[in-house]
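I've put the structures underneath this note.
Across the two complexes that follow, chain A remains constant while its partner is chain B and subsequently chain C.
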Partner chain A sequence: MIARLTDGLPPRALALLAAFAAVMAAAPFFASDYVLSVLIISLYFAFVGQAWNLMLGFAGQLSLGHALFVGIGAYTSAALFTHFGVSPWVGVVAAVALSTLMGCVIGYLGFRFSIRGVYFALLTIAFAEFTGIMVDNNAWLGGSAGLFLPVKNAGSIDLLNLRGPPVLFYYMILILTGAALLLCRLLLNSKLGLYWQAIRDDQEAAEAAGVPLFRYKMIAVAISSALTGVAGVWYAFYYNNLFPESTFATGRSIELILGTVVGGVGTLFGPILGALILTPLGELLTELTSGLQIDGIKTFFWGFCVVAIVLFRPSGVWPWLAGLLKLDRSTGGDGR
Partner chain B sequence: MIAGAPRSASLKVEGLTRRFSGLTAVDYVSFEVPPGAIHALIGPNGAGKTTTFNMIAGALKPTSGDVSLDGHSLVGMRPDEICRAGVGRTFQVVRPFNAITVIDNVAVGALSWTSDMAAARRYALDMLELLGLADKRNALPGSITLPDRKCLEVARALATKPKLLLLDEVMAGLRPTETDRMVATFRRLNKETGVTIVLIEHVMRAVMALSHHVVVLNYGKVIAQGTPEQVTRNPDVLACYLGAEELS
Partner chain C sequence: MPVELYLNVAVSGLLTGLIYGLSALGLSVIFGVIRIVNFAHGEIMVMGMFATLVLFRHLGIDPLYCIPIVAAALFAFGYLLQDLVVRRIVHLPDYMQFLLMAAIAVMIVSLCLMIFGPDAQGVQVAYAYDSFQIGPLLVDKVRIYAGIAALVVSGLLFAFFRYTDTGKAIRACGDNQVGALVVGLNVRHLFALTFGIGTACLGAAGAILVLLIDVHPYLGPSYTLLAFIIVIIGGLGSLPGALLGGLLIGVSEALAGLVFQPSMKSAVSFGLLILVLLLRPQGLLGKEVR
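So, the complex of A and B:
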């Protein structure tokens, strides 16, 4: 298991990864509350980006509605918690089951009826949008007024109900991001991963070489939506409030994937790097221009970043940086 | 070096027809390939050769007619099922997986009969050695030459351990020496494993050297079949395809 994880990685890549993990693990001890909150959001985007990347970057299926799975995970666990007092550790099971089911429904429709490429992406957007509208009109889920999780004295840590200070959520999302990275590395170097990449590169040729397209695409959507559902649970308990329009909107889905697009679609470390570049820069810009009252400056900046990436580093920052650090050609825990 | 047990299958194509809105691309084509034989499918451009291949491999549904492998009909099966039933194919225009290495391209084929990645890569390496590509195993397909990519296409199809190998113009664009090497490889493969081969080919040098039997298509119909010698003397074939010039 360990050997399979590290196999083919140059020692310097492992050393850098270990150093990076150590810095991230120690961050709460020296970072201010503000920096910590930015890191928390960055890691959230890294985690969801990793889940989304599994679908597009590995298996070649473009989803522009991943906010849907975040929303389903978030609303399921939050509703169970607020209405019935169900612990998020139990709620996460239901949340993942529902978001995976939704992913499989979309996948089934798309893959069974050969809806490909942008049309598949439109299907994912449609599902996200109409689920948002349904939640908007559902009183039990708080409707457009929002769903609020009861906040108890914020100082103490209640692990069972995930009530606690930001540092608790920092470590949770850090562990999730690390676990997703390891999972993706294992998957990518397995039969599953190789089949996904074959489908991504040429689906007809893959099929002729014995790859059952439908089954392997479905597995990709299922794993991706399940992971994203987990992120939703974390999101609900970190923010304590959920609004349909800000949860399911297409803008949200786009925001979730920008980091990965900048970091490098199809790479293992791209989602993490991209999120750690884009989110802090966006937050910094918002902070610097807070006196100027410029609406949407962050969105504008992100748009600028994507255009710059598409023009100058179309395969993302990570492949370029990995080359610079001489980590490329390692097919690795942080390479291609 | 050619791994695996002997494998062979008979192919029977009966009344195979495919119409594309008014145009009959393949018109009641029938032929039979006994196990272990090498057959060539020749004919001018647009004669329906690749369409016939696509129907055998399941990429295209026949309008009517039947294809059977060892007596079992393949019609209605998905391409990946037909692959696992023992039909390996190459594409006329090479279709490598561009973002993965040469050896992993071939390993994808081997994963149709094993789930063990190490075993798949080992077998892939055997296939690469067979086709003289082993030294390029860690390259990306985009960085190797077109003849090498043609070999890669063949290696991937071979890695699926086919009983029937469909080769769609794998020798087009190769230099005569490369053609001869490829011909020698297929001959050896056929002799050692017994694999049945059907090839579409315009390179008559390869057709004459390899095939036991030739089927000639024109406008979707079989206009002649027989041994290479018989076919090349057939006046209809000379008129529509080969021309009157001397064959090399």
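So, the complex of A and C:
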């Protein structure tokens, strides 16, 4: 398995990746609380972006409703925890099961009725918004007033109930992001990944060549929604409060994918790079203009970045950076 | 009394539906000709609403008279957007187009937020609380005016596409782009014109809608979705379908707000959308497009 992971990677890429991982792992020892919080959000976007990328970048299925899976994961684990005291380690199983189920329902409807392209994207949006409204009207889940997780003394670490300081959540999301990167690399270089890419590049040709479209698209949606559900659990326990309006909104789904678009859709390292570019830049901008009291400048800048990327470098920043670092031929990121 | 109540609500839903229809026409025109799905639809309409608000507040112009001004301004915006930005990405995969439009939408929301702040603001016209008594029905004057205005603008749009040479040329571009190029039509200009017409519809719809609801920057996304629902129910690219869809959604939303709770009314629309996508993806009046 190790051989399969590193196969075809130039030693240079491995070294860079190892150095990057080491810097990230050591970050809490020298970063301030503020920098750490920015890194935490960046990694969260990187992880969800990776999960979303698996669906669009690998298998060619555009979802604009991924906030749905975050929301299901978050609400499931948070409701189990607040109402029954169920540990998030158990809750995550239920959360992943539910979000995968939801992903499969959407996938089944979409692919069985051959809803494609923009129609499929709209189906995902419709499900996300619909679920948001349902949660909004559900008193057990807190309704529009929100669901709050009980906060204990933030100084001590309660690993069983995932209560602790930000650094705990930093390492968790770092591990998750790393694991997702490895998983995606494995998947992309497997037969499954090749089938996905065939479907992405030319669905008719793939079908003619005997790729069972329905099955492989379903697998992509299932894995993507499962991973995103995990992100939801992390999200709930990190933020400790959930509001249906902001959790399931389409704007949130868009926000989740901006980093990946900037980094490079369909690349392995793009989601991580994009999130690490966009989030800190946005925070920096907010910080610089905080005296002016202007809301919205961060998101305006994010939108601008994406427009610029789509217009001038539609394949994303990572392929270009990989070229600069001379990692072109099957790089530490790009598996193509 | 209950029957009259339902009738009253249905009529006011119908009038709102006319505005929805007009706004959805803007989406449908752009998709039908340029094949671009305008994910910034609602946000552009919100721009129109804010423009009307400014005209009303600072110059005291009645929103109904703002319609041509705002429509002209948004026409220019749409023309430039197509010619400077959207035109450059038609060769990219579909999802890149969606992402571009979605990013433009994010920029518009943020810009409105920066300029106008997050609070809901409305216009207060002198006739805001007047109403007409028609038989057993009691209908707000504002809503009647709004519905008529939307109907007039929609009528103008239909007439434009049916009777003017430019309108016919645009339809030709939509039907067969290569053919249009071959017979010497200036497709680049016509596409920009189409986008401008689409956004002008939104400007008109926005100016009218300000009469009925308060505007805030986050209003955009929900109207984008609403327009999509309407257009998909009616048939993406079909103009009569967009109007029909608007009326359907207007009435069903109003009735759902009455029968269930007001907060549930958009759930009904999303439910309708999912049903239509599954059972008749080309929409009620749409042709098969793939």
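Basically, the second predicted complex is superposed on the first by the 330 of 336 C-alpha atoms of A that agree within 3 Å, B and C clash if a C-alpha of one lies under 4 Å from a C-alpha of the other, contacts with A are read in each partner's own complex, and residues count from 1 in each chain.
Keep in mind that, in the parts below, a contact is a pair of C-beta atoms (placed from the backbone, for glycine too) under 8 Å apart; a residue touches a chain by one contact, two chains touch by 3 or more.
Keep in mind that this is a model prediction, so the values were computed, not measured.
By the touch criterion defined above, A:G266 lies against chain B but remains apart from chain C after alignment on the C-alpha atoms of chain A.
By the touch criterion defined above, A:K191 reaches chain B but does not reach chain C.
Set against each other, chain B and chain C differ in how many residues of chain A they touch, and the higher count belongs to C. In the superposition on chain A, A:L56 makes contact with chain C only, while chain B stays out of contact range. Once chain A of one complex is fitted onto chain A of the other, the partner contacts of A:D295 are limited to chain C, with no touch recorded for chain B. When the two complexes are overlaid on their common chain A, residue A:A209 makes contact with chain B while staying clear of chain C. Judged by the touch definition given at the top, the superposed model places A:A139 against neither chain B nor chain C. Within the complex formed with chain B, the residues of chain A that make contact are 189-191, 194-195, 197-198, 200-202, 204-213, 266. The residues of chain C lying in touch with chain A in their complex are 37, 85, 88-89, 92, 94-96, 98-100, 102-107, 109-114, 117-118, 217-218, 221, 224-225, 228-229, 232, 261, 263-264, 266-267, 270-271, 273-274, 277-278, 281, 290.
Residues of chain B that touch chain A in their complex: 57, 59, 78-81, 83-84, 89, 91, 95-100, 104-105, 107-109, 111-113, 115, 117, 120, 156-157, 159-160.
Across the complex, chain A meets chain C through its residues 56, 62, 64, 109, 113, 115-119, 121-123, 125-127, 129-130, 133-134, 136-137, 144, 249-251, 254, 257-258, 261, 265, 294-300, 302-304, 306-307, 310-311, 314.
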